Each structure stands twice: as C-alpha cells, then as structure tokens.
C-alpha cells in the first residue's frame, strides 16, 4: 500500500500566487464535494520548487506556485530526484505598480525617472556622476516636489527581477553615456542602486511597504496591482509612460511592468492524488480565472481566452518541461 | 574607659551623623528607581493589553444581514437525497451521492440570497449585482449546506443571520474614510447607499459573530474567515508537545539530576541542554525541515511535524524546570528513603518525583505555552499554508494560531484584517494567560517549604 | 557489627584515619568529639550512606554478622534494612503518619495484607512512644507533627523494618529540652532490642544514654570505653581536655 | 546599654517574654541556654537587626547611653555603627581583605583620605590579631582565608567603625578548637575597650571568657550573675539543671 | 500488519508476560523457604522486559537494514544491460520501482522488466515482513520462557529492572544531544554547499549584503557580506538590553529587597505575563502601536524616526525580555546568603548601600550570566524583527533607521522567490549555522560564569 496515502492536494510556493491559488482551492473544495480542499502553502517560489523537486510521493507537494519560470538547474535537480514530468501552467499576470500616498502628489513616471531617482550613478551633462538628486522635481520638472524615497522589493522577491528588467534597464537605456558602455559595465550601471538610504528594500510583504509609506509620507512604493486595489483609500497609483495600470492595460501589454504567474504540476502525481487534474482544469476554467472571475476581482490579470485554451490543451496533453 | 577613647568615639559619631543625610537621600532615590522599574513593567503590560483589546474587540462583532430567506422550490430543483439501494456496491452509491452533491452545488444559491433582499426592496430587482455584493461569497455555501443537511427546508421561509461582505463591514463601521471619492472606495456607490439604507432599516446590524470561532480560514470570502482550523492545529501540536516533550524531558531531568555520574560527559550534556534552551527558534525550523520532512519523509504542513519540532524546542525548558524542582527537594528526603532500604530508583519515584511534581507541571505548562506561541520555526516547515479545512487528525494539514496571526497581518484587506488580527491575538493571549494562570495557581497550591 | 582499620576519604582528604571499633548487641554506644572530627562520617560508613556522596571512598572492612558490608556482591538495600538510621533534622516524608511508618515494610514486602501492615505500624509507633499521641490522626501528614514527635516518627519508621542496629546522628540537636528528654527515654527502652550508635555533641547526653562512649579526634578514635570510665577517668589526655571543657 | 521589659514577637509567637538586663562598659557577658530559648533573638534586639525580619515586633525599651534605640527619631544606621555584630558563620564579603575592613569606615566617611583609611585598616586588623597573617595579601579575597581567620576578619571589620558594644552570636560554633582558642583570646583582649555580649552553646566557653553569664530559658531570663557564681552556685534550679547537664 | 499494530501486539504480549512473571514469582515464594530478593512486581517486569526488549531490538535493526538488503537483491536481479547504471540513476529507478509496486503514480509507460522488478520488490517486502514478525514473536516467547525459568529467590530482579529504567532515562537524556547533532547536521551540508559559491572570507568579512535575484547576468550573484546583518542583530540586541537590563534588574532588586509581599505577589506574575506573550504578538504590537508612536514622537522633536527601525524592534524586544532578566536576577539576588546582608547591615550600612556594594557585587557574575542568556534570546528572536525592524541590511550606526538581522534574513531568503539551489537561498543555512555558533559561544560563556559564581557559596 502507498505509505500514508494522501487525498488532499498539496500546493506550495510563491506568495504572490498564494491568494489566487487559495481562492481557487477554496472554490474547488466547495464545488467538488468528493475532493478535499487543496492546501496552499507559502514559502516563496524558491521554497515551493524546492519542495516540489524533493521527489515523488505522498510527502512531496503536487503543485508548486511560482512567480517566475522554473530554471534549468531546478529542472535538473527535479529530474535527479525522480520528478521528470513537470507540467508548466501559466495562468495570468501580476501587475506591478508604483503608488504613493493618497494625500500626496500624483506621479506620472517614466522608467528613466525611476532610474534617475534610484541609480547609484546618473548621467549629468553626458558624464556619469554619483546620484545628486534629492527631490523628484529635480529629476523631472513634471514630477511633484517631493523628497525621493523609493520603497522597492528586496532581492529575495521575484518582483525585484521585474522591477530591474522592466523599469531600471529600459530606464537606463534612455541615457546615452550608459548605452555607450560595454555590456557588463552597462548592466552594472543599470542595476547599481544608491546606498544613501533613499532606496528602501523590503524583504517582507506589501503590508510592510504600506507601513513604510504611512511612516514616510513622501515615499513611493512598489506594489502588486491587487494589493493596491484593496488599499485604494490609502494609495494612489502612478502612471508609467502615461499609462494607468489596470487590468485592461496590463492584459494588453500597454502597461509595461508585469510578470507572468505560473504553477507547476507534478505529472507523476496525476491519477494518484485525487482531484489533481480536475483542480488544474478547474483553475483554467473561464469562470474561475477568466475575465469577470473571482481571481480577476482579487487582482489577477487573466490570460486572454486563446492563451488559456492553449494552456489547458498543453496540460491535457501532459506536455512536460524539458 | 580613658578619655581618649571617649573623645575618639564622639568624633566618629559626629562624622557618621554628618554622612547620614546624603546617604538617606541616596537610599530614597534608589528605592524610587526600583519602584519606577516595577511600574514601568506593569505599564508595558497594561499598554499592550489595552491597545490590543481596543483594536481587536470590535472584530468579534461583524456586519450581519438578518433577512428572511425563501428556499424557492423553483430555484432548488433537487432529487431526493440518494439512499443505499439493496445490492448496490458502496462505490456505486458514493457515485450517486457525489452526483447529488454536485447537483446541490449547482443550484443558483446567489439568486436565493439576492431574493431575500429584493423581497424587501422590489425596486432592486434590476440591480442584482449590487445586492449580491452585500453578502460575503461563502454565504451561498452556507445556504447549500443548510439544505444539504435538511432538504425539507425547500419551500420554507427561514429568517437567517447572513454575514455581510468584508467591504460592507468596513464601510458601515466607518473603518474606511467615508468622505473619500468613489475612485478610492472599495464599494460601488450603489452598494454603499444600499448598505446604509439597510443599516438604517435595521436589516443590517453589527452582531456578535461566531464565524471567528467556528470557521477555518478563508480567502475567497474574507468576512467568514475564522480561527477554528488554526486553533485545532495548535491544539494538536500542544497535545504532541505534552505527550512527547514532557515525559522525555522529565525522564532526562531525572537521569541528569539523580543518576548521571558527574563527569565530563554529563557536563557536556548540561551545557548542551542549556544551549538548546537558547538556540534561536528559527534554527529548529531548519532542523525540522531537514530531519522530519526530508529525512523521515513526514507529511508537510502537518501538526505532527510542527508538534515534533516544538517538542524538541520545548524539551530543554522542561528539563531545566524539572531539574530545578528536583533540586529543590531536600536531600533529607532522599536520605530518609535510602536509609530505610529503598533503592535509588525507588527513592526517586516514590518520594522525590512526587514532591517535584508541582514544579514539573509548572515547567511543563510554561514550555507548552511557549510552544503554543511560537511562529518562526513553523514558517519553515510549511505550516504557513492556506488551509480551508478544519483538521481532524494530527496528520491533516493545518496552520497554527500564531501563524494565522502572521498571515492575517499581511493580508491586503487592511481595513478589515487589522481588527481581525488583533482579535486573533486576543484569542491566543487568552489561551496563553489561562495556561500561565494555571501554572501560577499550581505553584501556589503546591508550594511547599521545607 | 565491627569495623576494622576503616579509612574514609573525601576526594583525597582523609576524614577517618583507620578506626577499629565493635558495636555489641543491645548496647548504646555514643560517639563524641569536637566538630569535624569525623563522627558523622564514621557513622555513615556503617550503613553505607556514604555511597550517596560522590567522591567518598572507604577502605578497610566493616562486617555485620560476619558479612562484609562493602562486599560488591552484597545488596546495599538489604544492609540498610538491617542497619537503620535516624538523622539530625527530623525528616518525615510529606505523607501521612501511617504511610511514613508503612513505607519500609511495604518496600521490603514484610507485611502479608493490610491487617498485617496495620499491626506493624501500630507496634512501631508504640515502641517509639508515639502511638497515643497520633493514633487518632494516622492519616494526617507526618510533617504536621512537632519537632520531637517528628523525630520519634522517624525512629518508628526505622524500627518498622526491624533493623539490628540503629544509627542516630545528633538526633536531639534540633529539639527542645523536653522533646530531648523523651527521645533519650526512648533510646533507653529501645536498647533492650537493638544496638544503637548515637552521635552527640552534648557530653551530658552521652553520659545519660550510653553504655559505652567513643571519643573521636581529627579522624582518629582516641578512646572507647565504658561511659562512666570515659567521663571520670579518661585514659587519654585529649579526651580529658575535651571532657573538662578545655576546648570544643 | 540596658534593656527594660523587652518582649519580642514573631508574628504572634512571643519569643522573648519580658527581659531586663544591663550590659556594663568593658565587660564580657555570656548568654547561655538551651536551643530556641531566644538568645539570638535577644542579642539582635540590641542593635535592631530584628528590623530585617518581616514579622518581628519588639516591645519595651532598650537604651544605649541613655538614648532609646527604638525611638523612631533614632537613626538605625547610627545605632549599628555603635553596636557592632559578629555572626555565627563567618561572613566576609566577597571582596579583598582590605576592602572588607575598609567597608565600614568608607561607608560612614570615617577616614580623611587614603592614608587615614590604611591606618584604620591596619589598626583594626592588628587588634583582631590578624595583621601578621594577612599583611602581605591585603588585596586577596577575604573568602580565601581559613574559617578562624575569616571570623577574626569579621571582628576586625566590626571594630573598624569603633563601636561601643560588640554582639557575637555563637562566633566559634563553626570553628575548630584551635581557632576557637584564638578567638577567645581575642575577646579577652578586646574586653578592655569594648562591651561584649556573646551567645554560646558551650558552657565551658562561657566560663572561660565571660565576666557575667545570663541564663535564658524559653524566652525568659532566669538568672544573670557573675560567671563564677552562676557556674558554682546558681540561684535557680533550672540554671542548675542546665549547668549540670540534666538537659540540653 | 503494519508496524504500529506490530508494536501494539508486542506491548500486549509484554502485559501477558508481566502477569506470568508475577504469578511465577508468587508461586516460587510460596514453595521456596528462602525470602525472595525482590517484590513480585519486579519479577513481572523482568519477564515483560525479556519479552519485549530483544524483539524491539530486532525490530529496530530489521527496519534499519531491510531496505538496503531488498534493494541490493532487486538490483542484482535487474536485466544485465542496466547493470552499470550510475548510482544517481539507480536511486531514481528504485524510487520508480517503489512507486510502481505501491501503485503510486509513475510517469510514462511501465516496461515489462520494470513490472517484473516491482513485483519482485513487493514479494520481497512481504517475505521480509513475515520473517520479521516470526522472528519477533519467537524471540518474545523465548524471552518469556527463559526469564520465567530463571525466577528464584536469589535472582535480583529489582536490580535488573532498575538498570533498564536507568538506561531508559539515559536514552531520554540523549534526545537533547541528538537534537544538537541534528541541528548541526541539518545545516552543515547546505552551508558547505553555499560556501562552494561564496568564499567564507567574503561571507564572514564582507561589509555589503546585496544578493542579486538571479545568479546570472550583470552583477552575478551579488554580495553576501555577513557583517551588516550581524551589526543589525547586535544593534537590536543592544537596544533591547538597554531597555531590559535596567528595568529588569531594578525590578528584581525592588521585588527581592523592598517590595511588600502583597506587591510582590501581584506584580511578579503580571510582569511574568510579558514572558508568556507570543513573539508574533509583540511583532504586531510593534508594527501597529510602538512604531507609529515613535515616528510621531520623532515628528514632534523634528527628527526622523522610522516607524520600523532598530529602535522599535529593540525596544519591544527589550520589553519582552524584561521578565527574563528580572526573574533570573531575582533568583540570583535571593541566592546571595542572608549572612552577607546581615554583615553589611550590622556595620551600619543602609539597604541600598548593602545592595549596591555587597549584594550586587556578590551576585554580579550570576547576573552577567543572566544578561548573556537574555542577549542570546534577543539575538535569536525572529518575529519581532520580521515585522518591526524594517529589513535594511546596510551598515550604519543610526538606531532610528531600519536594520536587518540574521534571523530575518534566514526567513526571507528561504521563503523568497530565488532559485532554491542558488547561493541566494542556501545562504540561509550558513546564516543559521553562524547564529547557532554565536548563541553557543554566548551560552558557554554564560554558563561558565554562572558556574564559577556558584562555587563561591558552596
């Protein structure tokens, strides 16, 4: 007999995906009385995949949530532990927004503004100098005359990568003197942040970012779209390149700062853990994760119908990550 | 006595007298500092409790809609609940049962909910979406379960207390600034107006809510999120700690105090135990993840693993407390027993241990209380999961009370969950203080002076 | 019982420096001497209570009825049932008076059934002269008695297992004069059935209760003789100096 | 100093039942009596060390140089500087020998500068007969001395504040005979400058060191007289019974 | 029959064996003239132990060895062409076979040779199980019979049973040691793995903590300097001690030396409540009440005080360890013998003089020990810092600014989104090990001091 059979789907991983997965799990449990409500653990994308790749069996998880794609090294280490059929499911996007306190000035940001405010070195008269800016209005006169304090996710967050790739890097490309540098130096110049206390890295969750903003009125913080939406009474969102972040603008790709959200299903467990396949299919149902679904209400940017069909088809075909 | 010594003494007396005023002043200052320190300690306790009570108590009351629900047979078209047929395999029966359950779930319960308000305000018949927004989303399952348990309700009218949506609760209580423009509000203007109207009419009330105590956590329906799951998880872990850490700890203490020879090895064990008592709890989390989950392959997120980790963590506390109370038993008792021809084991188990029991119990309770409040190691063994079931065995996945607090304080619905978090803290503190009071009571009751 | 060239060491310190002494049947022998001279230590070697002190080592032989009590094959439990001990501070168990006395017999399985046990308890308490005072409250805790009663309870407890020898280490030093007198009386009575070795710091007490007296000095046995002899014409000048109060 | 109808209560228990006693200048008075008769309690009423015991209450008057020491306006600090005390177990502070002796003078501001203090320390140690033994290791901890030396250190510490009266509660009971002899010698010398009240459980010691002896019994002062008289022809039969060893 | 029922069955057998021993010893006592050495219960226990212990021992040994033996048999029987698989693959294969055998899911088709091997596995397991039960049962029986035969008056049953009891107690004491071994073991491997990415020099002496999210690309894996974290830990702990030590110590002094007993009996338990409050509660309290309070005080004074800062976390942590300091100090102060107080008071010292100049110096080593223990508490505390310190791993000396500590970083790195085999998350284990070593050192020092102090009065 299987050592300690398990009949509850076990999920773990990214804390960004957690709310969405939890809602689906709860609805799934309610909708299918023959299945238990799946358990959704947290632990970050890393922690989730670590558990996922621990092997096959009742004491390993069935699904890992991730706010990033699985990496090759992780696939390898999965395989060496016997997890060979990793089914990747992308189910939507997470919008990342800049927001400031509702009672302070409104920001109309561009990547180069953020870069100029945050970088260790900025271009001044064609030369790279240590960042001299102390107020947003010095960066660009269209910005409010507020002290520069930028609250960003720390490097243990997946959001940080998006922030670097979608904001800082494009932002620094706007400056000629950086473009001229060789590739390595360019990367460094783009990602090196000032260390004078104006950049605050948050290793915890968005609640902490919000607390920061409450303590420091001038600060601008990085949030997930869903978090912002639940706290609209305290926050106002900044536009990026003139685009206001919303489900539509992010879904259409107009608003540039977003990232795909995934979960990974352990093929070996399908058919063993009751309801696993049904859960995935339920998740990809339009009623659940499409437009107008509870997930959208909770802040997920859904896939469009075509993408969702594809994802579902790929899952049904059991197309594994190589 | 010579005059010389006399005068010498009077000089000395004069000097002593001279020093006195300053010394007494210093004495008084010192005493005031001491009193101030005690008062500061008491003030911290008071401050902490008041601030948490003020924040948390309101969360025990929740916006509740009291309405007459009509279980409309035209909406609930349901076959009778299947009963086992003769000669039917259990599997076939359970399939029929599941089919019936699905049918039950498919009923449009939301409509029934909406109708309960529309019956009061027919003018809303065209804004069902606004009406639905009043209720927290799990209320539809509440209705489903009512009918599932008692199909005879179909066709009846029942007055029910229905939990309002979290945002409605926030709005009617003024936990969000009511003067904010629409763009900054969570609720649509129509829903806000409706909520205010119902409030004025007495349909929507702030009522004491059992949800917090009877429900497990919920994400899709925050207003019905409760502590029952976390409570059971904590309970199982406490039981494991009681049945593991306490006996093993007491046994270790007895060995070390009464039997172990005094040598380098026992010295090392002693240092080791004292050190374990101070090892950061988070390190025990790393230990639990590596040993119990990866090595022994125990289930994830289970109170079993949490209990084991917490047991290891509590072990030194129990050992140290037990040793202290064994030490406090006067040697004369041991000698009396030994001199009557009792063996060492008999002396310990007949006399010393029974006398040490109050101390052992106190130590055990304090250890258990400590385990009950621990969070950090649980984060590393997957107990910070979202679990929508109430666990029924220590092998079922669950969270724990302190972890639930941690999860709730990070919930994005700040306006709602700040109070909820404090309410959860009140529950946890109540348990904690009861345990501590029990310990103090035991200590008082059995306090013995030799 | 008899001791032959007994030496006792605490770690490396020699507390008893080769003592030969016999305790006869049904006699009361008193050990006197200045503080720290090793009276208690010697007494404790006689029922191996020294075993409980970690770094205490005994050399020489002590025999009880011809059996070496330090023989590894000997069970110390047996020995202690035969050689009882009463301590300086009364140390009743925090249990009922009955249980205090019944503990030893129960331990050694001396009683067949409840009636038997009751009898043993009553007998022991009677012999300890405590029966009349406690017979109505046998189920009350022994710690609730007065100091003198407690000490007699401890004696009752010791005789309940029918020892051959009873060792007493300053049994009266924590008691008031009246209680002391009672205990002394009791010792007198018991001496018809048991050998009793008693340590005392009061020479008067030694003179009152003992048949023979042994004088210890810095770990050595200076003199042992009939009590009257020791107190009237001691053989050794140290004994004399102590007796006459030149020190101590 | 003199005590008039002094009663001392512990909670409701009367430990001293009305005692009148005078301590003359430069005399040594010994308090003897069976255990628990209140010797220590009475001694401690003389410098109000009883204050430190929570539920202890004193009635009657005790005067020092005509001043009532229980007068609320009197400063107990002052009193204790005048009436020093030496305890049963030597209790040197865990500090250097020098600091032990200098503690009192420093506290009361008796020394003007370091040289003055050195002198006081040396003087006190000399008078306590300890100077020659410790003069080379004044900075070593006082706890490192032998028991007898420690007790003399405590005496030196007491006389460093030049008291009028020194109270000693069984100062030799924890010491061996040789150390005891030294202390007794010291008491003899000190008696030329201080009044000394000494509690002892050894009648021999009382006989050796004291000018007068007071016999206590169950909280009452039975008899006080010249030592010789008390030991040879006591007035009271209780005293006689005690002296001749009929109890205690 | 699974292992649990097996053990339960054995326990039942032992109960029977106990009765057998009891009855036998009574019978012997009746017939034999010599007095039995021990009471009957001990003979009962002895028989029960003989019944249970050898069988349990075999059970343990069997469970330990069984998998390896079966595994080697199964591997031996595999088709020849699979013979020289690398060890890694063998274990994957064995896993797979195990899953096939148990009916757990497997990916892909099951090859015929796999099915055969799995079947063999099942068979072997069944045989082994049967053999185990048979062996245990016969050992138990044999034990009972043998022990029963040996019951006679001279058998020192009590001594034997007591030896087993003592051994059992010793084993329990061993659990604590095993825990330490487990802690080191569970962190050492991963920590070494981490050091294969980052040199220990860089880790222990680096002054920048700035791990990058990715392991590739510009800037590489980032910098893993421990010092900012250590400094943050130190700063928070120092603030905590600055709060807790004066208040705790003065509380202890007041309670021990001055307070009337009614105040003591009220205030002591109330203050001890502080020790029982879960740290998560302190964390939330710090975040919601203390932090904003400090920030607004800062506003009033015109200085920048962050709501989440070293000060907030340290202060709240200090409040948390007040009872820790006060009850330890209280114990130590009351342990100072009354004779020392009497000595000082008898010389005419006031009470505070006695306390400051005699009691405290005498108790000092013990108190220092208590402080060190409190400090190790502070260093290891996690949840307060997670919520209230602000997580800013930068070297700076301003307590009004945010800091980060070792414990928080462990949580963050382990529960973040980074690659789990990368130094970014492996660093957590190196940090855990470091923390363990630090608290170990503190404790050893504290214990040493406390012990040395104790010897003074004994």
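We just call them A, B, C, D and E in the order they show up, numbering each chain from 1.
What we mean here is this: a contact is a pair of C-beta atoms (placed from the backbone, for glycine too) under 8 Å apart; a residue touches a chain by one contact, two chains touch by 3 or more.
What you are looking at is a predicted structure, and each value in this text was computed from that prediction instead of being measured.
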If a chain touches chain A and chain E alike, it appears here: B
Chain with minimal offset from the mean of all protein Cα atoms: E
B-C compared against C-E, more contacting pairs: B-C
Chain located farthest away, centre of chain E as origin (C-alpha): D
Mean-CA-position distance for chain D and chain C (Å): 35
Length of the line joining the C-alpha centres of chain B and chain E, rounded to whole Å: 22
Mean-CA-position distance for chain D and chain B (Å): 60
For chain A paired with chain D, centre-to-centre distance based on mean C-alpha positions, whole Å: 82
Contacts with 2+ other chains: residues of chain B: 16, 23, 343, 379, 409
In chain E, residues with contacts to at least two other chains: 158-159, 287, 348, 350, 353, 386-387, 414-415
Two or more partner chains touched - positions in chain C: 77, 107
Contact pairs between chains, per stated definition: A-B, A-E, B-C, B-D, B-E, C-D, C-E, D-E
Residues of chain E that touch chain B when the two form their complex: 158-159, 162, 165-166, 168-170, 172-173, 175-177, 179-180, 182-183, 185-187, 190, 246-251, 253-255, 257-259, 263, 267, 269-274, 276-281, 283-285, 287-289, 319, 322-323, 326, 348, 350-353, 355-356, 373, 376-377, 379-383, 386-387, 407, 410-411, 414-415, 428-429, 432, 435-436, 439-440, 442-444, 447
Residue ranges of chain D in contact with chain E within the complex: 47, 49, 52, 54, 77-81, 84-85, 87, 89, 91-95, 103-104, 107-108, 143, 154, 157-158, 161
Touching residues (chain side chain A, partner chain E) in the complex: 1-3, 14-15, 42-47, 49-50, 53, 55-58, 66-68, 71, 73-74, 77, 80-82, 84-85, 154-161, 164, 183-184, 186-188, 190-192, 195, 197, 200-204, 208, 211-212, 214-216, 267-273, 320
Parts of chain B lying in touch with chain D, wherever the complex brings them together: 1, 5, 8-9, 12-13, 15-20, 23
Complex interface listing, chain D residues touching chain B: 25-26, 75, 77-78, 81-82, 107-110, 161-162, 164, 193
